Each structure stands twice: as structure tokens, then as C-alpha cells.
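Quick one: structure below, then a few questions.
Chain naming follows the written order as A, B, C, D and E, and within any one chain the residues start at number 1.
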Amino acid sequence: MTFVDLALLAGPAIMMIGLVGHLLIGDLLRRIIALNVASGGVMLVLLAVAAREDVPDPVPQALVLTGIVIMAAVTGVALALARRVDAVSDESEDR
Amino acid sequence: MTPDAQVDYSIVPLLMLLTSLLPAGIIFCLREDQVRWRTTLNMAGAVAKVGFVVALIPPVVSGDKLRVSMPWVPGVDLVLVTDAFSLFFVALSAGLWLVTTIYAIGYLEGAPNRSRFFGFFSLCVTATTGIALAGNLITFLLFFEMLTLVTYPLVAHRGTKDALDGARTYLAYTLGGGVVLLAGVVWLTALVGPVEFTAGGVAAVADLAAERPGEATAIGALLLIGMSVKAAIVPLHGWLPIAMVAPAPVSALLHAVAVVKAGAFGIVRVTHDLFGLSVAGELGLLPVMAGFAGFTIVYGSIRALAQDDLKKRLAYSTVSQLSYVALGAALVSPLATAGALVHIVHQGMMKITLFFCAGLFAEVQGISKISQLAGVGRRMPLTGAAFTVGSLGMIGLPPLAGFVSKWPLALGGLDAGTTWVLPVLIASTLLNAAYFLPVVYALWRPEPDDQEAAVPAVPPRRRLEAPAALLWPPVVTAAMVLLMGVAAGWTYSPWGLAEIIAGGSYR
Amino acid sequence: MIILMTLLLAVGAIFMIAGTAGLLRFPDLPTRLHAVAKADNLGLGFIILGLIVHTVSNGAGAGVVVKLLLIWALALLGTAVNSHLLAVREDDG
Amino acid sequence: MSLDIGVFDALLLTGVLLAAVAAVLVPRRTASVAVFLVFGLLLALLWARLDAPDIALAEAVLGGGVTGALLVDALASKQPHAPPRRLWTVVVGIVAGTIAFLAAACVVSRLSGPTGELPRLVDDQIATTGAEHPVTAVLLNFRSFDTLLEIAVVMAAVFAATAVSDRSWARELSASGELRTIAMALLPVVALLAVWMLIAGTTRPGGAFQAGAMVGAGLVIAHLTGTRHASTRGRWGEALIVVGLVAFILLAFSTAVAGEGWLVLGESWASAAILGIEAVLAVSIGVGLARIFLANRNEPGEAR
Amino acid sequence: MRYPALLPALVLLPLLLSAMVALVPRGPRRLAGAAASSITGVLGSAVVLALMIDGGSWEFALAGWEAPLGITLQADGTSTAFLALMTVVGVAVTVYAAAEPRLAGGPDFWPLWLVLWAGLNGVVVAGDLFNIYVMLELVTLAAVALVALGGRSAAAPALRYLFVGVVGSLLFLLAVALVYAETGTLDLLQVTAALEPGPVLTAIVALTLLGMGAKMALFPLHAWLPVAHPAAPAAVSAVLSALVIKAGVIVLWRIWFGLADDATAVRALGVVAGIAGAVAVFWGGAMALRSSRLKQIIAYSTVAQVGYFAIVLTLADGSAAGWSGGVVLVLAHGLAKAAMFLAAGTLAVAYGTDRLSHLHGAITHTPMTVAALGIAGISLAGLPPTFGFVAKWQLLMAAIEQGAWWWIGVLLLGGLLTFGYTAAMVRATFNRPGDDEVPAPHRVRSVLAVVPFTLAIASVVFGVFSAGLVDLVAEDPTVRGHG
């Protein structure tokens, strides 16, 4: 049971925590955070796969790098949308 | 149906389709006020189609067929073939389309949405021609469903609430039938591969019936149920009386010729050209169908008795008359088959005359109930005469076309050994008389004084009792009824053709 | 050398813990800020010193030492600015 | 990389797991963001432990930095009242989650050993790619198409964020004196770091993305501290965002037309091309991320 | 006649044009966007024609590196069909959006639309799993932004769509990670050869099913679609239903038919997908019958049709008829659904609302649009002589080959349901007697009526002359791979 195996198990765990949290939570901002946590979990799986040998495999590492940038961009858009949704719901509430 | 001599590829069948498809496309684009354009296009299309038919009768009777096919899906082609039986049906629909177009132009003078009406009208005839010319089951199905879709806007043309509801029920029935038919066609094609209609039945289907009779019967049942929805055989006839909400020319062409006849045509195609009489007999399809048909004949006539609305009565009469064709097709005797085939044309001619007259009564006198018909004959002698000829023909009096088709049916019944056919025919003839004669009598009865006020004021005495375009079609069709009865012996008369076609399926 | 390093790291750790304790215990924002800013930075300083001792003993070059000190400097700068902003916001907030 | 589990490793993994659970469970927004930042930091440490320094850098800068800034900024608007889920759905969710995890665990444990085929291929081809560091070689030569698309994603995200946010741009923030001086001190350091990371990318962990994120962070600081030229609005801003993708595609087109094929970097000029592309990418990502931050920036109040 | 080098241009050209169009100031951006989109359309049709003439399948290794190391693009018969659909609907939507900016959500539409088009082309020709992931993200992001253009009230549906899209992508990314862990390669063809049956393969297929199920709104994961598609501007909802859904479908099919084998677990997954599909067909149809707004009906109809795409997973297993039926169904649905949403948009412009109760008289005043709606509905219901009938025919044949009579029932009843709500829509446009004179409240540009009508007529023309296309698609390598 090397560290990599443990990491390989932790990956899906974090992903499940993120996904379940995302699906259950109501508040938009916290759902976005849960999504990022889930994405972290998947990246962990990829990197654990990369680290199975002494010399780390650069290909999955490159994939993770791309994944992180995409997730950052998507979070940006999600937050912009969430802000607008809150703004719209504020308008409707105080009308 | 006749033994297929040499088959050469020609685009004639395609052209026959285009003669009504092209005008349809153009008419849809015409503005409402371009009446002259629309009329010329309609007439040109109709005349061209009749021209094609007349040109094709001699060669087809002598046995050669014109065929055009196009690959549609891997392993399945769309095929159009002009064999004798298909030409027989095209002749009927082309002729009546010409007459009905004239009638419709007169009838819809100044009505809204005429471009839409005539566009769908031509599409409907295209579908009917397609059904007639279809060379294999899939092409038949394609045009069969197209007919349903194209007639819906015609039935719902007026847009009133009951028109829309009537159209919806019509759609529900016919679509349901279409789906059942689709299931049967797919099942058959999956098992046997694409099948072309060949006189006397397809060999592959016969083998299938031999190996797996169960499946073959199921397929046969599905196909026939699908057809009998349109042929308005009893349990599935509900839509026909309701669809009478359509304008007169629509109910004339559709419910006397196009839609119902397509169903009857389909039944004959399936029993004769797909399974072949012997195989269908073994599978037990024929007796069941004969039973249903017989029941419908009687049931339709009884219901017709009870109707006060003229068009409803004619509708139920169509329901019963159509089952003559189904009955004839189900009897294994050349006489009965010939009788059935010729009845398709005769019943079409007679029924369209009656619908025309009914339309005239409604249009000119505003009468739609039989009880109000008292003395109308005096005021509209020509229409009255046409109606009388049509009614007598329906009853089956000797010199008229009705007799020419009922008599061989009766003989065929005896010849085929199904004895119960004769009493059914006699009963139905009596019932026909029971519901037609009072109408005729009411027409010619001198107007009783007390009803003077009830009848709406008569328009000032004009030379003719109705606009020419509305009056001449029924008279012409009535004359045809008379002609077909008298000149049955002529080789190219409907009876002559029917005998040749019927002969084919007993080779 | 090992003893010195562990000693420094321990002292650093103690300061860190003190700072966090202060953060939890103190009632209002300024006092908390005070605790965290002072104690943690000091703790960090000691830890960095311990690390320097450790790396030097393993023969690391001057570059590593400079980088460690840079880290400390940046941390100091960061805490200073943050606590100032929070404090300022606290007054007119 | 020692594979046996040390004390530090155990601590790290449990820390990451706990931070993940906390980030999801804690009800208040501010606490959730705070814990998420901790989670990001721990994750960066974990990547370093898994011998992926590039990713650790990127996680720290992007995960902690940019996303952190976005999240903290999003805290400004108050937390609308979201209806709490019924207990029953929560239980079902958790049970389903655990079942899914167990399934994933047993699948992961059944994975067959690493074939190591691709790393070998990378090693013996890396000489011709013009970048010594394997990750950069994969990103900018072997799988350059992915990187190109990734920039397209960033560009699309910028378009999306600007399309969604109301057109009213955040005006220049007038900041107090101290902030301005801090900016004066910090900005050059950030710029220096960004350039250094860009250069290092070809030989050591680093590269376009981390440098880009640094540029983005720098621009955000500049904007927050009210320095004039930091505005990424207007034509110049749009052009800078788009320049990365356009340059990359033009390179692709030129190699397709003139060179031996799409994105085939000739050995002689490969390293120059990679560096050039990385520079442009860094600028685009930086300005892009800053623009996304700005798009989120306008307070709803002002947005109407 | 082979130009595999053209494949990357399908993705890179629209991206380049999108970047340029974004720089154009907001005023003339509509013109620039329309020009750029037409260039992309021309390129797309050129590639499709070349592929059709060549008939074979093209591979292209990017950056000069062969399969495991580099990224390959591959276009086979199926991709040709999907590309053809995307080009035809793309051009139609471009013309429609150029004619009426209000229906496209203003000038921001154009750069995002070009990015979306690039992503769609990318997904169809991608041959590398991670490349597919990045393409899907690009498509989702652009699609979400386009939905958000539908005004302030469209933000919530857009966000919900983004969440589902990202969750789907993450599940797919996990599948990609497992594939790489197991086989050490990311190239689709190599993976299909290398992967042997086992728990890992089942997990990969399950994750892909879940991930793509979320993206294409398969029944249990469909809730976002009936909210998001109607909220979007008309031109966008046409693109979403006709094209974006298909991105998820083609990825699911490629992976399912590439990897799936006779392992019992995968077969069970197939049955589950089939049941979800059948429920989707009936649930979508029932909800469509009940809703009173045009765009909502069409959106629920998409949920129903997606059910068929899931049923194809079991029907096309090893049967060429099933596979070609599935692909033709995708094309027929694309054409018909685009025609329907564009027609709904035109009616919304003419009558100010898409509520069925306010559309009286539309059949006389905007006959072409109502005809487009009707014909498209007929094609969706799979009635002859339309393209949908060809698809239904092939699927029925496949069902009978496998003796799966329950699929026959679903196919036939689903068709009836579809026709039910089409008739309801057309019926609502009939004019009540007496109000023929009431003209449509707003005049509609003729282009807005012609575009949906041409798409509808195209589905009839393809319905009759469908032989060429169906042959092209019938023999697809993935089916032969293990079938």
C-alpha cells in the first residue's frame, strides 16, 4: 500500500465529496466551491496515475495543468452568472 | 394483375405523379387573389393526368408495364409500376379529380384560404396516384401515410371548433391505422425482404406462410387492420361520419373516392397481390375479413336509416357500400373479384354524384336535413334527376352501374360456396332502398302548402337552378353511372377491365 | 547542528501556537489581528532560521538561504498590509 | 520519490480530505471560501509531494490566487436564503456517494500496472521538441492542439463573463496612500516573477500558465490598488486577450502552409517558437483572467 | 482526393474568425460575424463533400507526432454525417441570426457562436479522448454563454446548464483518467483495441454514460433542458437542441460501440440506458402535450428524442441497420428541431409571445412558418415521406432483427405522441372563424419564415432521396470493430 495507491483512493473520495456536496447544496457560491473540490479530486486521480513510476509521467501532468486552467475559467463564468442570478433574485425580492 | 410481359423503365409513372405534385407546389405560393392562375393550373394538372391515363390504357391492357424505381434505404427501393389494377384506380381518381376540381372552384367562390385548399387538394391526389402506382409495400405505405397527413388540413379547412375536432378524430383513427400498417410492413420486410406486388401473390410470402403460419397470419392481420381503418370497416369506421364536417368537395372527393378507396385498394392489393388468394385463404384471413365486411354492409345500412342529416346518411351508406369491395375481395371466385373491382369505380361514381347533389342542396337552398327536402326536385330538376339516378344506382336497379357490380358479387358468393353472402346482399339492397327511396320521393313530392313558409324563399327564377360549375359535374357523373351500366360489355369499360384484372389473380 | 535546528523549529512552533491561541481567545478584531500578526510572523522567522540551519548543514548554497529569507520578507509584508487594511476598515466600518 | 507512507504524507492526505469535507459542509459562505483556500494550498502541497512541481505552482497561483480572488470578491454580495434540502435527500445523496466511492475504489485498485510506454516515447523524442522540461514539451509540442484549445476556452470564458456582466465597468478604485505604495513595491516583483517563470518553463517547472496567472494576479492587484494603466477595458484589453489564440493559430496555419504540417515545430526553431508562444499565452491568460475578475467586479447595485 | 490536412482547419478557422470578430466594435459586429460564419460554413461543406466523394475515413496526426504521443483527428462516415448536419444547421442559424439580431441575443452572439461551432466541429472529428474533453468544455462554456444572452431571467437556467455540463465533463474526465491508467494511451482507436473486458472497462463505460447522459439530458439527468432551451434566444435554442446535444451523443456512441462488448455488466448498462430512454420518450412526450408554450413543447420534445438516442445503444449493438438508423435519427432530429425552434422564434416575433393561446390566425398570416413547424413535427414523429421515417424504419428493422418487440412499441407509440403535440401546435395556429382579417401584430421579415421552411423541406427531400446518405453511414468501422 504505497502512497500513490492511497492517493489513488483519495482522488475518487474527494471527487465524490465534491459532487455530492454540489448536488445537495442550495447556495450557488458553495455549489461552485464544491465543484472545484470535485475537480481537485479528479486531478488527484490523474496525478496519482502519473506518479506510479519513479520518473513521473509528464503526459497526465500536462492534462492536469490544462484541466486546472479550464476549471479556473469555468469558475469565473459560473461566479459571474451566480452574481447575476443573485442580483435578479434580489430585484424580485425587494420589488 | 395481368401476367407481366416485358417491363421497360420509363419515367411515365413519375410524370403522372408530377402532374399533380407540381401544381400543388406552385399553388401553395399563389396569393389568394390570383384565381385565374390557380384555376388554369388545377385544370391543366387534371387534364394532363387524365390524358396520361387514357394513353396508357391500351398498352397496359395488352400486358406491358412501365416501371421506375429509386434506391431509398440499403436493400429497399421505392418502386412505381403501372400495372392494370393500378391504372384502373388512377383512372378513377384522375377522372373524379377533374370533375371535383370544377365543382370545388364553383363551390369555394370567394371563400378564404383557397390557395391552401387547392394546394392540399392536389397533394391529396398525388398521394392517391402514388398509392395506386406503388410497386411494393414500402412505397404503398409511404403514400398511404402521406394521404393521411395531407387530408387533415382539408378536413379542418374551415377552422371551426367542430371542424378541428372532427379532423382530430379523423387523424387519430387514420394515424393509428398507419402505425399498425407500419408495424406489419416492417415485420414482413424484416422477415422476407422487400416484396413487390405480383399477380397471384408473392412466392416468398407463400413460403413464409408455409414455414411460419403464425407469424404470417399476424402480419396479414396487421396489414389488413391498417387498411380497413381507411376502408371504414365496422369497428374502425367511426371517423367517416365525423369527417363530414369538411366542405362538400372535400367530402365528395375524399370520402367517396380518395381515402376510402385507398383502403379498399390496399385490401385487394394485400389479399391478391401479396398473399395471393389461396395463401390468404389457408391462413384464415379471408373468411374473417368476409365476416367483418358482411357485418359492416348491414350495420352501415341500418345506421344510415337513422340519420336525418343528408351527408351523414351518405357517409354511412359509403361505409356499407365499401364493404362490398372488401367482401368481394375475400371471396375466392373470379366473378366476385371482378365484381369487387368494378364496384370500386361504380360506387365512386355514384357516391360522388350524391355528394355533389348534397353539396348543391346545402349551397343553393341551404338544406342539409332530409326532412327539409320536400319538393326541392321541382325547384332544382337537374340536380334532383342526378340524385335520383345516383340513388337508384346505389340500390342496384338493372340498367345502372350499381347492378353491374352487385350481380357478379352475388353470383361469386354462390360460386365460392359462402352461401350467407346472398342473403346479406339482398338485405343490404332492401336497406338501400329503405333509406334512399324516401329521399327521392321527398324530392319529387309536390310541395305541400303548409311547408311553404318553412322552405327558404326561392332565388328569382334564373335560367339554371345553380351556378354552372356546380351543376354540371353531378349531371356528368350521373350520366357516367348510366353509361357504365349500359355499356358494361365494351372491352375498355370498367367491367371489361375489371374482368381482365380479376382473371390475372387466378392464373 | 540537529539539536539547534530542532530547538529553533520548536520555538517557532510554540510562537505559532501562541498566535493561534490568541486568535481564538481575544474578543474583538484589533486584538486578534495584533496576536496573529506578531506571534505568527515571529514563529515563521524561527522556523525559517531552523530551515536555514538545516539546509546549510546539508551543504546548500547561498541561493537557498536568500530564497528562504525572501519568503519570510514577503510573508511579513503580506501580514502587515492585511492587518492594516482590516484595522482601517474596522474603524470606519 | 520515496513511495512508503511517511508521517508527513499521512498528515497531508488526511488534511486534504478534511479540508474537502469542511469546504463542502460548512454552512456560511465566508467560512466555506476560507476553508477552500486552505484546501487549495494543501492540494498544492500534495501535488508537490506527488512529484509534480509544475502543477503545484499552477494550483497555488491559479487555485489559490485567481480563483481565490474571484471567490473572495463574490463574497461581497449577501448570501440569499437558499431552501435547505430535506433530510431524506441528504441521506440518499450521502449513501449514493459512498456507494459510488466504493465502486470507484475497487475499480482503482484493480487498475493494471503502468505500461510506461508514453513516458519512454516522450523521453526519446524530447530532444527534437526544443524544450528540455518534459511537461512543457508535452504541452507545447506533443499535445500543442490541447493547449491551443485551452486558450480558446479561456477566451470563450472571457467572452462569456463580459456577455453576462452588465456593461457598466467598475470605475477606477481610488485607493488610500498605503495601498498605492504597496502596489509600487509589489508590482515589479510580480512582473519579474512572471517573466522568470516564463523563461524557466523550457528547462524547469514553470511555463505559460503559471506565468499567465501571475500576470493576471498582478493586474488584479493593480486594479484593486487603483493604478491607472491597469485597466484592461477598451480595444487594447480585447486585443491582448485575443492575441494569444490568434498568434497560436497563425503559427499553426503557417506551419501547415509553409512547414511540414499543422503545428509541426522544426527542430531548429522549435525552442524559439515555444518561448514566443508561451510569452503570448502568458499575456493572454493574464489579461483574460483579470478581465474575468473585472467582469465579476461590478457590484450588483451598480449594475442596474 | 484525400485532404486529411483539412480537418484541423475545421476547428482552427472558426476560432481565428471568432477572435477577430470579437475585436470588431459592437455596431458592425453582426456583419462581420455573418461573414465569418459563412466562411466557416463554406469550409465545412467543402470538407463534407470531399469526405463523401472519398467515402473512406481520414486520420490526421497533429504536430507531426503519431498516435500515442500526439493528438490525431479522425473523420469516418458518422463524422461526415454529423459534420453535414452541423454545417447545414449552422448556415441556417447564421442567416436567421443575421436577419433578426433580437432573436440571437445581440452582438455578443457572434464570437460565442463561432467558438461553439469550432467546438462542435472539434468534438465530431476528435480522435483523442482528452481532446474530446477539452472540446466538450469549449462547447459547454460557449453554449452556456449563449443561453445567458437570453436576458436577465436566462441567468439561472444558464448557470444550471453550466453546472450539469461541468459535472458531466468531470465524470468523463475521470473516465479518461481510468482509460489512461489502464492502457497508457489516449487515442480512441488504440484504446478500443487495448481495453479488455473487466471492471475497469465497465466503470469507464458507466462514467461515460453518466457524463454524456448529463450533457445530452438523458432522462434522469434532463431537468435542466426544458428550463435552459426555452430561456435562450430562438437562434440559440435551435443550435442547442439540434447540435450541442449531438456532441454528447456522438462521444457516447463512439466510446460505447468502441468499448462495449458482451460482458454482462455492460449489457446491463445497456438495458438501464434503454429503459431510461424509453421513460424519456414517454415522459417527454407527455410533458410536451401538457405544456402551453411553444418553446417549452419543443424542449420537452428534445428530451423525448434523446430517449431514442439512448435506445440506439442497445438497438445498434452489432446491427448495421440499427447504427445507420441511429445516425439518420440524429440528422433528422437535428434538421427538424432546428426548423421548429426557428419557426417558434419567428412566431414569437410576429405574435410577441410563444404562448399557444395567442397564436390564432398564424396559419393564414405566416403560413410558411406554420408549415415548417408542421413538417418538422411530422419528421420528428417519423411519418413518411420525411427523413425521420427513414430513421424509424431502420431502427424498427434492427429491433425486429434482435426480436426486441418492446422497442418496436416504444418507437411506434413515441411517434404517435410526437405527432400528438405537433398537431396541438398546428391546431393552435388555425384562425377562429371571423378573425381572418386580424393581421399578425408585427410584420415579420420573409427571411425569418424562409429559413425554417427550407430546413423542413430539406427533411422531406432527404426523406425521399436518402439512399446515398444511409449507405455512407451504414458500414461504420466502430460497428464492424467488434460487432
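Heads up, the rule we're going with is that a residue touches a chain if its C-beta (ideal position, glycine included) is under 8 Å from a C-beta of that chain, and two chains touch if they have at least 3 such contacts.
Since the structure is predicted, the reported quantities are computational estimates derived from the model, not experimental observations.
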| item | value |
| --- | --- |
| Chains touching both chain D and chain E | A |
| Shortest walk length in steps over touching chains, chain C through to chain E | 2 |
| Inter-chain pair with the most contacting C-beta pairs | A-D |
| Farthest-lying chain, centroid of Cα atoms versus that of chain C | B |
| Central chain (distance from its CA mean to the mean of all protein CA atoms) | E |
| Between chain D and chain C, distance of the C-alpha-averaged centres to the nearest whole Å | 28 |
| Chain centre separation (chain A, chain C; CA means) in Å | 31 |
| Centre-to-centre distance between chain D and chain B (centres being mean Cα positions), rounded to whole Å | 74 |
| Averaged-CA centre spacing for the pair chain C and chain B, given as whole angstrom | 98 |
| Chain E residues counted as touching two or more neighbouring chains | 130, 134, 137, 141, 144-145, 148, 155, 158, 174, 178, 181 |
| Shared-contact residues (touching 2 or more other chains) in chain A | 12, 15, 19, 23, 28, 45, 49, 59, 63, 66, 70, 73-74, 77, 81-82, 84, 87 |
| Sequence positions of chain B contacting 2 or more other chains | none |
| Touching chain combinations (by label order) | A-D, A-E, B-E, C-D, D-E |
| Touching residues on chain E, where the partner in the complex is chain D | 5, 8-9, 11-12, 15-16, 18-20, 22-23, 60, 62-65, 68-71, 108, 111-112, 115, 118, 122, 130-131, 134-135, 137-138, 141-142, 144-145, 148-149, 155, 158, 174, 178, 181-185, 198-200, 203 |
| Residues of chain A that touch chain D when the two form their complex | 1-21, 23-30, 32-34, 36-37, 40-41, 43-45, 47-59, 61-66, 68-77, 79-84, 86-87, 89-91 |
| Chain E to chain B touching residues, read off their complex | 324, 363-364, 367, 378, 383-385, 389-390, 393-394, 396-397, 400-401, 408, 412, 415-416, 419, 423, 427, 430-433, 436, 464-467, 470-471, 474 |
| List of chain D residues in touch with chain C within their complex | 176, 178-179, 182, 185-186 |
| Touching residues (chain side chain D, partner chain E) in the complex | 103-104, 106-108, 110-112, 114-118, 121-122, 125, 141-146, 148-150, 152-153, 155-157, 159-160, 162-164, 235, 238-239, 242, 245-246, 249-250, 252-253, 256, 260-265 |
